[in-house]
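One structure is given here, and the rest of the page talks about it.
Should a chain be cited, it is by its letter among A, B and C, assigned in written order, with residues numbered from 1 in that chain.
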Amino acid sequence: MSKKMNMILFSGDYDKALAALILANSARELGIDVSMFFAFWGLFLLRNPNKITDEEKTNYEKLFARMTPKGPEDLPLSKMNFSGLGKTFLKEMMKDDDAPPLEAFLKGARKKGVKFYGCKLSMEVMGFKKEELIPEVEIIDAKGYIKDAVDSDIQLFI
Amino acid sequence: MSKKMNMILFSGDYDKALAALILANSARELGIDVSMFFAFWGLFLLRNPNKITDEEKTNYEKLFARMTPKGPEDLPLSKMNFSGLGKTFLKEMMKDDDAPPLEAFLKGARKKGVKFYGCKLSMEVMGFKKEELIPEVEIIDAKGYIKDAVDSDIQLFI
Amino acid sequence: MSKKMNMILFSGDYDKALAALILANSARELGIDVSMFFAFWGLFLLRNPNKITDEEKTNYEKLFARMTPKGPEDLPLSKMNFSGLGKTFLKEMMKDDDAPPLEAFLKGARKKGVKFYGCKLSMEVMGFKKEELIPEVEIIDAKGYIKDAVDSDIQLFI
């Protein structure tokens, strides 16, 4: 029977998203099923910068939508961000080693059949609409996450 | 046989505590046993603001007790806290969606029979007394945590 | 059959490294096998301050090597670091309770046979050489980590 890996991505940091997506890609290459549940700040990774809308949003939600990162390359580092300088630094070091950027790992995960789940409550609170995210995302609640996690062989909170 | 979920709450952030308690409540509603082990900053969530005492504390411990968050609603956000502005913002957005505040999820978890464990070493180092925390907390050491976690179907470090 | 615990240490924070190593020591004392996979900032913990070299490094890598923590006692706190004041504070409180410092828990883990793995991609990107780390470290890639984690009874992302 095939193995399964489940990750919550709670963090909205570039480096943690990178770690999560590298693990997702690696697990798929080993034939392991992968589910990712994006909650809170983690949802920023799934935003499509070209699909952001003000429709049907409260003033708080509109302001929040503008103040927060819009998609993968907009995420800050968890440490040593130095107003973006640290991230530029990391990306330069990655380029020197031919390591692909975050966006490429996200594309890889989408192609390789990683399951993308968005947290229903987080979506509602932040005012994000399904149409503003990458199309693969299915919206489920915390119980949906738990049911998926309890049947997995690896669970991580990132 | 019933399933079991184990979480370490290491973080003292409002948003991470919220995530942990939403998961705890959801798992209990699915009939899954839940253990939460509170270590380091995570212990702040369990403090009862009305039971804080200076008795039998060193000067470091007294100062530390005053400088750190006293119970659930006192916790800061992990990101975009902006001296509390970001948290007010989040709480307003939650209210708009009828999402209960952190304190309500903590009460829910207590009523639903989530097991609350406090880390012995963290308690000793920070100088917290059992009487300063919510009454459900049982103090155990890291080995106690490991024994509980190794028999669980889900383990998360939050 | 013996049980197994697997941790990724992604964080480069003193307090999180402390938590991870306390768990590693406790698990070994219970006869549980322990693997630790050090990625990104987590690698700082394994640096030997006396073995840091500039050889075969790009300018970015040299600068990065100098700007970042050099071994266990050089790591900052994840919260309330206050330019190191918070850490001094924590260490004083630990001393008062006869709790050993981070370095002692690292030594304990090495003596007790914890398996130390360094993330290949992180090493390459950051320009760290195997010789700059503690000698027990074996370098593996993300797939190696996944294979180890999927056969473990506990997996944590720290």
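Quick notes on this one:
Simple rule for what comes next: a contact is a pair of C-beta atoms (placed from the backbone, for glycine too) under 8 Å apart; a residue touches a chain by one contact, two chains touch by 3 or more.
For reference, the UniProt names are A, B, C = Peroxiredoxin family protein.
Treat the numbers as computed from the prediction; the structure is a model and nothing was measured.
Judged by the touch criterion defined above, the protein chains are all mutually in contact, each touching every other. When the CA atoms of chain A (Peroxiredoxin family protein) are superposed on chain B (Peroxiredoxin family protein), the rotation angle comes to 120 degrees, reported as a multiple of 5.
Distance between chain B (Peroxiredoxin family protein) and chain C (Peroxiredoxin family protein), defined via averaged C-alpha coordinates, is recorded as 25 Å. Counting partners per residue, chain B (Peroxiredoxin family protein) has 155-157 as the residues that reach two or more other chains. Listing the residues of chain A (Peroxiredoxin family protein) that touch chain C (Peroxiredoxin family protein) in their complex gives 3, 5, 15-16, 19, 22-23, 25-27, 29-30, 32, 78-80, 89-90, 92-94, 96-97, 99, 153-158. Contact residues on chain C (Peroxiredoxin family protein) toward chain A (Peroxiredoxin family protein) in their complex (touch as defined above): 8, 10, 12, 39-41, 58, 60-61, 64, 67-68, 121, 124-127, 141-143, 145-147, 149-150, 152, 155-157.
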